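What follows is a group of structures, each given as structure tokens.
Okay, so subunit A shows up in both of these, paired with subunit B first and subunit C after.
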Partner chain A sequence: MSHEKLHRFQIALLIFNTQTGVVLFILPRTVATYFGTNGWIALIFMFLPITLNILLITSVYRLGRGASIFAILKSGIPRFLLFPIYLVMGSGLAMVGCLVIKQYVMIYQLLIFPQTPDIVLKLVVDIIVFLLVTKGIYNISKANVFFVALLITMVPLSFIFMKDFDITRMSSFFFKEGKDFGQGFIKVYGSFMGYELSLFLFPYAEKGKKWLKYIHLGNSMTVLVYLLVTVICYGFFNYKELVHLSFPLLDMFGYLYFPFVERVQNFLYSLFLVSILITGGMYYWSSQAVFTELIPRLPWKWVLFFVMASTFIVAFIPKSLIEVEDWFNVLIYLQLGVAIVIPLLALLALLIQKGRKRHA
Partner chain B sequence: MSIFSKIAQIFDSGKNQQEQSPQGTKQVSGPLSLDTVLQEFKECSDLTRYNFPQLQAELLLFEHQIDMQIYERDVLRPLLNIRKEELDNLLSQSQFESVTETVKVVEKILQGSVALFVPQGVYLVDAYGPEKRSIEQSQTESAITGPHDAFNESLETNLSLIRQKFKSNRLKVRRFEVGELTKTRVCLLYIDGIASKEYVDEMASRIESIEYSSLYDGTMLTQLIDDFPNSLFPLFQTSERPDISVSKLNEGKIVVLADQSPSAIIAPSSFFEFFTTPDDYYNRWAVGTALRLLRYLAFIITISLTSLYVAITTYHYEMIPENLLVSLTESRSRVPFPPIIEALLMETTIEMLREAGARLPTKIGQTIGIVGGIVIGTAAVEAGFTSNILIISVAMSAIASFVIPSYVMSGSIRLIRFGLIILSGMLGNFGFIAGIALMIIHLSKLTSLGTPYTIPAAPIKPMDWKDIFIRGPFWSFHQRPSQSASPNKNPNKMKK
Partner chain C sequence: MLKRAGILISFICLLLLTTSCSQDQHILERVGYVRTVGFDRENENRVRVTLSIPLILTEANQTRFTDEILTATAKSGKEARITLSRKTSRKLLSGQIRTIMYNTNIARQGLRDFMDTLQRDPTISKRTELVIVDESVHNILSRTYKGHPRTGQYIDRLLKKEFDMQTIPRILLHEFFRDYYDDGKDPIANMIRKSGEDLEYAGVALFHDDKYMGKLTPDEVFYFSIMYHDHGKGEFTVTSDKPEMKSVTLDGINSRKKVKIRKNEEGNYIADIYIKFNGSVLEYVGDMNLTSSADRSKLENLLNEHVVQQCEKVVKKLQKHRTDSIGIGQHVRNKMSYKAWKDSPWDEMYAKMEIRVHAKSKIRNFGNYYH
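What follows is the complex of A and B.
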């Protein structure tokens, strides 16, 4: 029978869909708040550090000759040191997955179901995510192809706004009236998070190094979509208006009308569920991979169940979207840790391993 | 001995008894003789026995199982025209097969052989040829252009239909027998050098491992050998048309034919193949492509239209434009049920009409259509039982479901529609998208003969798209579908 490997283009789509999520609805506001006029240019600047970060991750794959990140770390770093790292990493990744879903359902509750407890909606999404993740990474990537196809249908809709796009709203100033560039960079960097999960895909990808380029492709797709949305929002509204809009993209979609249907923002936001399933699902899958490394005797589906069940309980704590955003502000640092520190640790482990071999 | 071991013994003894008396042909003991065989067929009044006193010969046969012409030519006439001394000469002819086991004689008589009992021994002559339906058009897969012949219930006829279209010794046929009681003959067809050996062996082992007493049809066989028996979706394509089987064989796929069934199984199959028909290839490619796209559109309409109606009229009235809103609220205002009940009621009615129409003779079926479509539809709206926009939506969904060429797939999709309506009624657009996501997740998991069911969309195989999402021109077909994993990729070149 066919022995499936993750097709490289599927990896690109997986990275793209893990990166995009609810953040797309908030991004124009974030960019406008922190970078002010023509803040969308910050996204282009962001491309460089992220590309460097991806190069760091891919160098681990190249030097480790395709071994899994856990095998590399284990080969050079003592287990007692790895244990707390895995524990923090696994819990952090699971919390990111949980909060991504929590944020989505809270916005949903705000927009459509004000009387339904958000936790009920979260339970529904969690069940779907659980069913998705238990199918394994190959099937997640296959489902993701269809999910991306559904999301891509939204891209042509953006061009409908071209007639309302006014270049004068963009202003001729750059980065004026913004606040706290440092914080802004971290927030925007956080909106690109998701590519770091490629660390866990090493054993599942095709053999060879070709697929590594496709992580960049996935990231480039994200940058393009973010740019498209942000630029259109800047030209449709203006940066001052954007600062005051909670979900600029949804407000923009609110102007859409067709002969049979109008005010489609609710439907389009519902469609974004498929992106949330992948973002949440991939973080839960990665968390499960880390915890399975810690408790190899427990079947991975049970590990996933316990991880999801415990984060579900934690999800009761944040009561508002602002609280969720505050939690995210903390978790961004953990994500950065996974994206930068873990590959550096892996490179160190490879160096130690090489040194040992030389002595032997 | 403890009570538990006694109970275990009782169960074990029961099991042993069962093993000793299987459901199928009884294990006959004793030497082969006319009496033992007759004993086996005790109370089988349809068994025919002929006596030739001058030759001391006896014949046993089931007349309805045999071809009378073969019987007369190979058995009856020679026996009537020879003397006793010439019997040895006759029995040395190739059609006479000597047997020594009672079990085999019993089995062969059941399979249409004539058993000849003479002092020299027992001989069998294969004269199988029961009455069969002539070759007709398929009722479920009607053809507009292209060949109109369809498989019937005779395995031999079906094999001949394929051989007529595929004159190559590379077409191989493996034979199996399935069902302890029915002993249904099953043939596995593939093209040597084009079909993947791995898939052929896998399919053969699946057929061999079937443990089921009765097999009546090919569509039943698919459920016994497919990868996910509990899935709603058919995992193997079935077809009554020989041209489909032949084209699939040429793509490197495997075809399985079962005796007494007009349905050929094609494996492995992809979800998207259920939306293709051979007519696409008999039309100009642009027309074929348009038809294919129309079918995908029909698929989207059939699963989404009623669900979206329910979602919008339950939770998202703001999505309806003002002009439409007036007529919709007017029509909905008289309906005493929530949209989900209204929709389920109408969908169930449509399904009942469809089922009644399918079971009844054509003329009465038409009447049912008129009664259902005009009387119930109009009356239901006038009585304030349902809104007229829902009637339009339900009718469009039903029509769209029949655009899907595979009847089995169309049934699965219609059932999924009910799930989506319920989810939409519960959670609006969110429920609808959640249902779609669940369907996609389920589809992604499925495999057909171990190959991904959603190929070539996922895993992505762009080279196959021109023969799945569209019907590309013939010159663009440079390779066989990836799903076949054919050792010979080029469809226009046969390796020696």
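What follows is the complex of A and C.
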């Protein structure tokens, strides 16, 4: 292992950029559909369970004294039990990475290249992701600093929308006409996913416990950006219209007008590629980490190659955006599993290990 | 070795991408970018669709600018596009549509069926202007207007100029859809008409949900507009029989509107629309001296009276058509509980509601003439 370590601020940005992605384009609709009028408030409530979840993950690091998650699990749980868990987790994470890219590419196809097969576009993005991930986690995080800077430049655009923002449109009703709160909770929770990958960063992070707070920082950045976009959408459109917009943020970008360039939304959407590279890349990287643990003899770059190649083939199956969204609805549970069950298992492993030491 | 393989793979992919994207290429000379689309009612269930496509024809050394006009009847807009496409040598694209026009006969029956494709097709911009016309859209689009730009461009520029000068409300597809979905507001659209050899702005079309109910004349539009949104510029002229104010023209109008809702003793809702505006006098015909502050405030009061009177007239008209275009409903809704709002017959309430207008004007300056 190299002596290089991830700086805590880089970790915050990495978490932030892994969480945000295509979901930002859909989130206002999801929130409006499930939470109804002034549903954006649900995002604030969501902050609490996610913070608790992050605390659970960080407690594993604290109690495990910085050992890698795999080492912790191995120390307390028999290998035959771990094998299926790793297999499911590794393939699940890879599928998330794959679908994130697939979804991005399908919207790209809808917008700009209606006749081009989406799988060709996906192949191109996949190659960039592959090249990025093979550079290793340190370089990913360094590239990410630049990517986040690019994305943050879009935030001032929100001032332009302020002109057409009207608070009376938001109505004085709260959570009326929502569909299914339970389902909505899981969907919105799912849009915050990405922080669970910090589980795999333990051995790469800087020494000490200071960096753990920066996972919260990254998550807070995500909450702020999500809130900004959703609140503006609620006042720029109205909740009833939001329910009928496939990609509210794209429609909002479409309203932007600069005298020197037409159709800015296509350009802005293309800019989101840098967010997709990190979201997809981090999931593939984590999946690779899991599979490398399973097959330590194979060089990790080859593991990555096989993981990406096999998900690429699976990506042929979903043919429409709705199907991809349906797949995500299933994968959310797997992500939740990684975020909650794996840390709990790790804590259990630590307990068993401690018990053994005491008896020894 | 690995590096060389990487380069080779990238090269193959690039080749794959460039060759497959060729299906999405648009060669400018072979493409017809539709600028204006018009819909007329042909009979019970068929519409006449008219497309106007700007063309630049270069033959030998001569360049000619013209509009290609295509027309067909069909059940839906997209069906017509397929028929129309058979009539042209170019590939029709809707990415540059600037104006969509509907005849009032169509608008009266409701625009809902037409709205579907406008919302679905990602190539149609939400910044497209929506225009309603009383006469045949086909007739307006298929002729040229001497001394003006090509028809499609003429309409587009005419509206854009008015939007920029804030003399008419800026209604693009986005605003129309937004207000259509809002349960406390009804959408509006702008109208144009033929006037001799020219086209001219013809007022505001009032909608209830997606149905055209009536219109405001161009003279009423200013008063509607100051109740509809805040102004940063614009000008208006007031004429009356009073010797103190035969005619006044204010320029650089700056206005703010505010709607307040309260309940009277009988439990009925009353809306107060407060309008604050200021501007500089460009022309004044009357027997007062604007340098005196007493006369100035007298003129301001006369202006207030006039604006209140005109605005209330417009409001009455809106109530008569049952079109809540100003969005009074939004404010009433925000005062109610969810259940009360859903149970209340808002359309009825609105038609009978007491709506008062209050105006407060301020003359910023009276120009170069010191009198």
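Here is the rule we use: the second predicted complex is superposed on the first by the 356 of 360 C-alpha atoms of A that agree within 3 Å, B and C clash if a C-alpha of one lies under 4 Å from a C-alpha of the other, contacts with A are read in each partner's own complex, and residues count from 1 in each chain.
Convention: contacts are C-beta pairs under 8 Å (C-beta built on N, C-alpha and C of every residue); 3 or more make two chains touch, one makes a residue touch a chain.
Note that this is a predicted model, so its numbers are computed, not measured.
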Identify the partner contact of A:K319: answer first if only subunit B is touched, second if only subunit C is, both if each is, neither if none is.
neither
With the two structures laid over each other on chain A, which partner does A:F147 touch: subunit B (first), subunit C (second), both, or neither?
first
Give one of first, second, both or neither to describe whether A:K209 is in contact with subunit B, with subunit C, with both, or with none.
neither
Quick one: classify A:L271 as touching subunit B (first), subunit C (second), both or neither.
first
Is A:R356 in contact with subunit B, with subunit C, with both, or with neither (first, second, both, neither)?
neither
Looking at A:V124 after the superposition, I want to know if it touches subunit B, subunit C, both of them or none. Which is it: first, second, both, neither?
both
Who does A:Y255 touch here: subunit B (first), subunit C (second), both, or neither?
second
Subunit B versus subunit C, judged by how many residues of subunit A each one touches
B
Quick check on the superposed pair: does A:F173 touch subunit B, subunit C, both, or neither? Answer first, second, both or neither.
second
Name the residues of subunit A shared by its contacts with subunit B and its contacts with subunit C.
112-113, 121, 124, 131, 257, 263
Per the touch rule above, subunit C residues touching subunit A in the complex are 6, 9-10, 13, 16-17, 20-21, 23-24, 95, 119, 122, 125-127, 174, 177-178, 180-184, 327, 330-331, 333-336, 338, 341
What does subunit A use to touch subunit B in their complex?
1-2, 4, 7, 9-10, 108, 112-113, 121, 124-125, 128, 131-132, 135, 139-147, 149-150, 257, 259-264, 266-267, 270-271, 273-274, 277
Complex interface listing, subunit A residues touching subunit C
37, 110-117, 120-121, 123-124, 127, 131, 168-169, 171-173, 176, 237-238, 240-241, 244, 250-251, 254-255, 257, 263
Residues of subunit B touching subunit A in the complex
198-199, 202, 312, 315-316, 318-321, 324, 427-430, 432-434, 436-438, 440-441, 443-445, 447, 449-452, 454, 457-460, 485
